[in-house]
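This is the structure I want to talk about, given as C-alpha cells.
Order as written gives the chain letters A, B, C, D, E and F; numbering starts at 1 within each chain.
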Amino acid sequence: MTDLVTFGETMLRLSPSGHERLETTDSLEFRAAGAESNVAVAAQRLGADATWVSKLPDSPLGRRVTAGLRQHGVETDVVWSEEGRQGTYYLEHGGAPRGTNVIYDRSDAAVTTAEFDELPAETVRDAEVFYTCGITPALSETLEATTKELLATAQQAGTTTAFDVNYRSKLWEPNEARETLEALFPDVDVLVVAARDAREVLARDGDAAEIASSLAEEFDFETVVVTRGEAGALAHHDGEVYEQDAFETETFDPIGTGDAFVGAFLSRRLAGEDVPAALAYGAATAALKRTIPGDVAVVTPEEVERVLDESGGEISR
Amino acid sequence: MTDLVTFGETMLRLSPSGHERLETTDSLEFRAAGAESNVAVAAQRLGADATWVSKLPDSPLGRRVTAGLRQHGVETDVVWSEEGRQGTYYLEHGGAPRGTNVIYDRSDAAVTTAEFDELPAETVRDAEVFYTCGITPALSETLEATTKELLATAQQAGTTTAFDVNYRSKLWEPNEARETLEALFPDVDVLVVAARDAREVLARDGDAAEIASSLAEEFDFETVVVTRGEAGALAHHDGEVYEQDAFETETFDPIGTGDAFVGAFLSRRLAGEDVPAALAYGAATAALKRTIPGDVAVVTPEEVERVLDESGGEISR
Amino acid sequence: MTDLVTFGETMLRLSPSGHERLETTDSLEFRAAGAESNVAVAAQRLGADATWVSKLPDSPLGRRVTAGLRQHGVETDVVWSEEGRQGTYYLEHGGAPRGTNVIYDRSDAAVTTAEFDELPAETVRDAEVFYTCGITPALSETLEATTKELLATAQQAGTTTAFDVNYRSKLWEPNEARETLEALFPDVDVLVVAARDAREVLARDGDAAEIASSLAEEFDFETVVVTRGEAGALAHHDGEVYEQDAFETETFDPIGTGDAFVGAFLSRRLAGEDVPAALAYGAATAALKRTIPGDVAVVTPEEVERVLDESGGEISR
Amino acid sequence: MTDLVTFGETMLRLSPSGHERLETTDSLEFRAAGAESNVAVAAQRLGADATWVSKLPDSPLGRRVTAGLRQHGVETDVVWSEEGRQGTYYLEHGGAPRGTNVIYDRSDAAVTTAEFDELPAETVRDAEVFYTCGITPALSETLEATTKELLATAQQAGTTTAFDVNYRSKLWEPNEARETLEALFPDVDVLVVAARDAREVLARDGDAAEIASSLAEEFDFETVVVTRGEAGALAHHDGEVYEQDAFETETFDPIGTGDAFVGAFLSRRLAGEDVPAALAYGAATAALKRTIPGDVAVVTPEEVERVLDESGGEISR
Amino acid sequence: MTDLVTFGETMLRLSPSGHERLETTDSLEFRAAGAESNVAVAAQRLGADATWVSKLPDSPLGRRVTAGLRQHGVETDVVWSEEGRQGTYYLEHGGAPRGTNVIYDRSDAAVTTAEFDELPAETVRDAEVFYTCGITPALSETLEATTKELLATAQQAGTTTAFDVNYRSKLWEPNEARETLEALFPDVDVLVVAARDAREVLARDGDAAEIASSLAEEFDFETVVVTRGEAGALAHHDGEVYEQDAFETETFDPIGTGDAFVGAFLSRRLAGEDVPAALAYGAATAALKRTIPGDVAVVTPEEVERVLDESGGEISR
Amino acid sequence: MTDLVTFGETMLRLSPSGHERLETTDSLEFRAAGAESNVAVAAQRLGADATWVSKLPDSPLGRRVTAGLRQHGVETDVVWSEEGRQGTYYLEHGGAPRGTNVIYDRSDAAVTTAEFDELPAETVRDAEVFYTCGITPALSETLEATTKELLATAQQAGTTTAFDVNYRSKLWEPNEARETLEALFPDVDVLVVAARDAREVLARDGDAAEIASSLAEEFDFETVVVTRGEAGALAHHDGEVYEQDAFETETFDPIGTGDAFVGAFLSRRLAGEDVPAALAYGAATAALKRTIPGDVAVVTPEEVERVLDESGGEISR
C-alpha cells in the first residue's frame, strides 16, 4: 500500500541560467516540474511512500519526466499516450523589479485527455492520502471531470483527500476557478490555500484564521491550511487554530515553495504526527526549498530537522 | 526593393549538447531554425537582400526567433499574434547507427493561422524571388491556402517563385503531400526536390536527370534542381541539364544542408550568375554548412569561394 | 526617416562567469557592448526606430558586433575596414569590497580612424535625434574631430543632439576631458551628466539642481539631465527642474545602467512625452537593466510599465 | 517477482568534457557507473523488470548513485551504511594514440564490506536471473565470499545465474583472478567472457568457438558467450554455436559496451527469445551504446529494432 | 632561501555550480584546496616567496594539485608516491538555512603516510617562517608525529613557526584535538585560533583578549591571533593587544577565509611590518577572499590596499 | 642551471567550444598559447628544466599567461610592463572544408618592445639550450634585434641555440621573412623547418633530405630537422640523415603540434639521447598533442613511451 498518491500534470521546465533572458540565451536548463509531482517528491524524500499518477506522451520527453521523478524514489504510474504533447514552461529568474516570469506552453498536453477510466483507481483507493491541486481541473474539461471523480473515489474508499487551491491567473479567471473548485470541495478533506487566493478567488474576507474557519465551516474540511508567504502559515483543525512562522531563507529559486510545504506537511501527517508538528516541518522544508534550484525540494529529513533546531546556515565540515 | 522574400515557420530548436540524450540531459542548446529562414539567412550572408515573412506569438519566444534571424542581417516582417504557440523541435545528434532524431512540437503554432490578408503581399510582389517550401502547406489548411495565394500573387507580379518540396514524413503522408504540392506547382518557377522525395512523394521514376526533365515538362518549371545528398545535385534549365558534385565535408550538424544549398543557389541567381555557377556555389555552401552547429549556414562569400578553389581545410594563420 | 541615430565604439566584452577571476578562469562570456549602441538598443526596444553608425574591422569579430545589435532590431550602418582592431574589454564582477573591474583593450580600434567623410551624414541629418557620448572623442584625435563635425552637422540640420558626458578615467584626465567636451557643448541640445562627473570633470559646484542650471545657462542646453545613481536623476528643461527617484533593484550587472536610462529617456521624448514622463521611464528602465546580464537593456515596454506601476518583482504565472 | 537481479559496485564517474585532461580541467562530468547496474539499466530499458542490489554510504554521494539508476526505472535495494566510502573513477577520453584512461578511486568503498547476511537473499531467490561479474569478487575478500554465496543461493533456488568475467588489470593479477573465478564457475549457468580475457586470464587456447566449447565442457555452463569487440560475439548453447557480427558504429563513449550487450542479451532471454535472437539484440544494443555518453545504454527497444532492421543512422523527421 | 614554507594536505575540491545539489548535479567544479596551500598562495601573491611541502600520489590527480598551486607562483616540493589516494572533498553552497556542506573523502590520502625523513627538512630549516595547521595532525598518527618533528626542527633552526588551530569536527573530537595540539604548542611561535575553537577545543574562557592572553601566557607564544568572524580579529603580541575590525563583504564563497587572513598576515610580518599592519592586511584579504570562488585568495597587493583605503566596491573603468 | 630557456610571445587564445563560430558564440575558451612557451612546457613535462623568458603587461591578463605556463612546472622569467597590450588570438575549429581559422590580435603587445638589455641574459647564457622561433622577429623591429642578440649571446656562451622557422603568412611576406631569418641563421645550431616553409620561404628545392643537406651546408647547422606533417620528419646531423614516420592519431586540436615535436626532441637531446631517439620521441609527442585541446602538449613521459611501444589507444582500466 502506498502512503501518498498524487495526480496532475508534470511539465518540462526550460530556463536560462542565472538571470539571463530567454530572448538572448543560447542554452536552457531542463528539469521536470509540476505541483503534484513536487508534492510527491518532497513527501517521498521525507519518509513517505509516494506514487505519482499521470498521462504522458510516449516519447523521450515523457520519459524525461519520469526520470526526473523516479530519481528521488517516487513511483510513477503513467498512462503512455500516442497522442498529446508534453507540456513545458519557460522560466526567467528576474530579481526585483523584473520579477520571475513564467511562460506556459502546456496546451494540448497528453494529460489533458486523461480520463478516470484509464487511470489506476485501485492505487488511489489503496492510498492513505490522495493529493491533487487546483491547476489540474483548470487544464481541460476532461481533467475537471477526472479530478472530481478521483477525489470522490478516494474519499469513498476512506483515503484522505488533500487539495491545494494553487490558483494560476494564466490558466483561468477567478470566477471560473471558484465555481469549479467549490464543486470539488465536498470531496476534499484537507484544503491548502494561499491567503491571497482565498480572498481573490474564493471571495473570503478577514484574516487568515477567519478565512480558515469560514472555509472549514462551509465545506466541512477536516483541516484547512492557509499559507501567507513570509508571514508563515496557519492551520484550522478539529476546531483549533495553529500558527507557524516562516523560517528565514535566502531565495535562489522560489518556484515550488508551496509544494515543498505541502509535501512535507503530508509526510508528517502520514507519519502520525500532529498538525503543529506537520506545519513546522512544512515551513522548514519550504525554507530549504527556496535555496534549491528547480521546482523540487531536494532535501533530507536531517536537513529539515537542522532547520527546526535552528542550527542551519553555517559551514558544516 | 528586396531581392528575396521567404515565408514559412521558424521554430526554436532544443538540443542536448554533443551526443547526449534528451532523457538524461540537464541542459539544451537553444537556436532559431526553419527551412525558409535558413534559406533567407544563407542568401543574405552571401550577398542578397533578404526578408523573412511570418507570424509569431508576441512573446519572448517569438522575439527569440527574430533575434536569431536578424543577427545575420535578414529583415523580419512579422505578424505578432496574441494567439498560437511558438513551435519548437527537439534534436538529438546520434551518430551511426543511432541516427539524428527530430521530435517536432509545432502543433498550433501561431503561423498555422497566418492568412494571406494579414501578410505583407506588397513586399512579396516587389521581391525578385519569393521562396517557400513543402513544409508550410503541410502545417495547416489555412497555410495551404495562404501558400497557394502567396505563390500565385508573386508569380502574377513577375516575382520568380522558388519552392523546395522538403517532404517531412512526420507531418503528412506521401499521397496527401503529392496532391497538395501538385496543386501549387503551376505557380512555381523554380523547383527544388530531393531525388528520394521525387520518387516517394511525386511518384517519379528514372535517374535524377529523368526526374528533372519529366517534372519540368509536366509543370512547365523554368528550373528544376534535383538534390542527391553525397551524390551531388543536378539542374534542368532551359532544356539543358547541369550536374554538380558534392564537396567532401566533415559533418558536425547535417540539419539545414538543403536550405544552405538553396539559399546559396538563389543568391547567385539573384546576382545574375548562370545555373552551373549557382549550383557550384550551392554545393560549396552546403558542404560548409555541415561543419557548422545549428540549422543556419553561418558562412561568408570568401569561405564559399575558398571551397570552390579547393583550398579549404587547412590551418589559416 | 530614423528616430534616433547614435555613433560610437562598440566593443566585445569578455567576462568570466559569476564571480570568477580572469587569472584563473578557463572560459569567458562574449557579448557586444558600447555606450552608444546600448542607447540605441534600449531606445529601439522601447519603441524608437534606431540606427547605430560606426566603423568596424571586416572580420568575424566586427560581424559579432553587428549581430549583437541587430538581434534587438537596431539597424547598423557600418563602415567595414581592412585596418584597425576590434576593441574589447575584460570585465570581472567582484562584489564588495572587490568591486567591478574593467580592463580596456581598445587601442587602435578601427573606429578610432573614422572620419566624418566616410560616415553616413545624410542619415544623421535625417534623424530626429543624434546621440553620442564623451567616450568617443576620448578615443582618438580623429574621433574628436569627427564627433565635433557630426554634432554640428546634426544640429544644423535640425536634428536634436544628445550627449552624455560619460567620463572614463582610464581614457583621459579630467582637464583634458573638460577642454574637449566644452568645445563640443555648443553643438549639443540635450546634455546628460552624472553629478560626480559634473563636479570632477566639468568643475561644477552645488547640488544637482544647481549643476543643471549652471550648465544650461552657460551652454544654452535645451535640456540637462543630471544622474545621481541610487539618488535618482533630475532634469532642467525650459527653466523647470524635474526630479525623479531611482527604483529599488537587485543588481546582477551594473554595466550599462546609464545607457539604459538615456535610451529610455530618448525613446519617450521621441514618442512625444514630456520630460518628467521620460525621466520616469528612464529610471524604470535603468532599474530593470541592473537585473540583466550584459551591457544591454533587454527589456520590453510592458516590463518598464510594470515597474512604473510598482507591480514588478513577483512571480508571474 | 523480479526478472533480473544484479549485485555489484556502482561508482560515481568523474570525467573532463570532450577530450580535456584531468590535469588541466576545471570541471568534471558526474555520472553513476558500474558493470552490474549498467546491465540492470540496459535490461530494464529493454523490457525486463530489474533490481540492483548493493551497499552504499548513507550520503548525498550514495543517493547520487541510486538517483542515477532509478531514473531508468531500475529498482534499487540498497544497504545504507554509515561506514565506507563511495567509490569513484576518473575517466579521460583520449582518442588514438592517447587512449581512454581510467583511474580508479574505489578502495574502501562501502560495498567492499557487504556480507551475504545483510543483503536481500529472498529477492535474489525470487528472480528469474541473477547477474554479477568478475569485478565484484576482486574488490575485497568479503565480496569474494559474498559473491560465492549469492551465486550458490540463486542457483539452488532455481534462479539462472549469469556472470561476466570482466577482468580488470588494475584490480588484480590474472592468476589470482583465475583461481577466484574458477571457484565461482560451478555456481554459474551463463558465462560471458571476452576472448582476450579467456586467453589471458582463463588460459584458454584456440578460436572463440573452441574457447566457448572448452569452457562449457569444463564447467558445465548452460550458455557461454564469447565477445570479440569489433569481430562480434559467439554463443555456445545446448551444444550449438551461434555467431553474431558486430554492427558498425561511431564511438563517442566505449565504456559500458559489454554491459549493454549483456543487459540486452539477458532481456531477450528473459522475454523467451532464443540465443541467436538475444545475441543479435545484444550486438545492436552494444552498437548503440557506443554512441551514448556515459556508462549506461540509454536506449529503447524501438531503437534497437531499428538497428536490427538496418535503418538507423539517418535523420528521422 | 624561502620566506615561507607550509606543510599539509591539499585536496581536490568537487562542487556543483551555483547552489545545485550533489544528488542531482551532472557536473562538478574541480579545484585544488587545502589550508596550508591556501596560506602559501595568499602569502606568495602578496609578496612572499612561498613553498608548499607535501606528499601526493604520482597520478594526474596529484599533478592537478601542483598545477593548481604553481599557477599562483608557489613552489611545490612534493614527495611523489606510488601508494595512497588523492584526497578530495565535495562542497555544496547552500545559503541560509541550508548552509554550506562539506563531505570529506580524504581517508588514506598519500599525505597521511608522510614521514619526517622523506620530507625536505633543510627547506624548512632555511625558511623564515614555517606554517602548518591543526588539520594535519588530525589526519593520521604518522602525520601527528611528522607535524611535531617539523615544528620542532623549524623552531630549533630559528625558523618562526606559525600554527592555526583550524579545528574540524568531522575529523576528530575536541578532547582528542586538545591533547594533540597542546603537545605541539611548545614548538609554536605564532598561534592563530578562532575564538570558538579556543572555547570549545582549547577550553578557554573569557573574551577574545582574555583568550589570547591566557594562551600566550600558558604556552609562551610570541604572538596569538584570535579570529572572530564578522567581529574581526585580535592579536596579543609582546604584551600588547591589537584589535582589528572585519571589513564588510559580499560572500560568494566563504571557504578559505581564515587561510587568506593568515597568509596575508604572514606576508606582512615577513615584509617587516608590525602586528597591527599585518592584522589589517589579513582582514582586508579575508574580505576579498569571500568574493572569490574557490578556496584560494586570488588577490593582488593593489586590491588589498584598495580595501584598506576603503575605495573598493565601485566600478573601475 | 636551467636545461632549456625559450624566448617569445605567449598570447591568450580565445576559441568557441566545439565547432561553433565566433560570429554566433556566446562564450569562449581561454588558454595561454605561444610557440616558445609551448616548447618549454613540452620539454619540462618530459623531463627538462625549462624557463620561459618574455615581457608581459602587468595585468590580470599577463598573469593569466604565467599561470597557464607555471601550472606545468615551467619557470617564468618575465619583465612586467606598464605599457603594451596582451596579445590574443581567436581560433575557430572548422573541420574540412571549412578549415581551422586563426585571427591574430597581437599588435602592440608588450613583448614587441622587449629589448635585449632588459632581459635576463645571464639565464640564457647559463642554459644548455636556448630556443626561439621565426614568429618572434616577425613581431617588431625591436624583437628582430633582440632575437639576433639573444641568439648570438647564447651561442657565444656555449649554449646550443635552436630555432624553428615557423613561418606565419599573416605576419609577414616570404621575402621579408627569408631575409630576416637568414641573418639569424649564423647564430643557430639546430634548425627546425617545415618542408613547405623551406620551399616557399627559404627557396629550397628537392626532397626533405636535400633541403636538410643544403641548409646544413649553407649555414653550417649542427642539426637540421625538416618536418613534413603526416609524412613524418627527417634530421640531418653530423652528415647523417635520419627519417622518422609520423604516428597515426585522431586530431582534436592540431595547433601546437610542431611545438610539441620540438619540445620533446629537445628534451631527449638534453637527456643525452641521440638524434633518432629524439626524433621518435618528438613524433610520438606530436601525435599525442593532436588529441589534446589547447596549444600545449599535456603529456607525460609514460604516455609518450606507450606510443613508442605502440600500445596506446586502448582503454586502460
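The working rule: a residue touches a chain if its C-beta (ideal position, glycine included) is under 8 Å from a C-beta of that chain, and two chains touch if they have at least 3 such contacts.
Because the structure is predicted, anything quoted here is derived from the model rather than measured.
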Farthest CA centroid from chain F: chain A
Matching A-D on over half of contact pairs, by residue number: which of B-C, C-E or D-F?
B-C
Gap in Å, rounded to a whole number, between the CA centres of chain F and chain B:
46
Rounded to a whole Å, what is the gap between the Cα centroids of chain E and chain F?
39
For chain A and chain F, what's the span in angstrom between their mean Cα positions?
62
Shared interface positions of chain A, touching two or more other chains:
18, 21, 23-24, 26, 67, 71, 101
For chain C, which residues count as touching chain F in their complex?
14, 17, 21-31, 59-61, 63-64, 67, 85-86, 88, 90, 92, 103, 105, 107-108
Looking at the complex, which residues from chain D come into contact with chain B?
18, 71, 247-250, 252-253, 284, 287-288, 291-294, 298, 303, 306-307, 312-317
In the complex with chain B, residue positions of chain F that touch it
18-21, 23-24, 94-102, 104, 168-170, 254-255
Chain F to chain E touching residues, read off their complex
66-68, 70-73
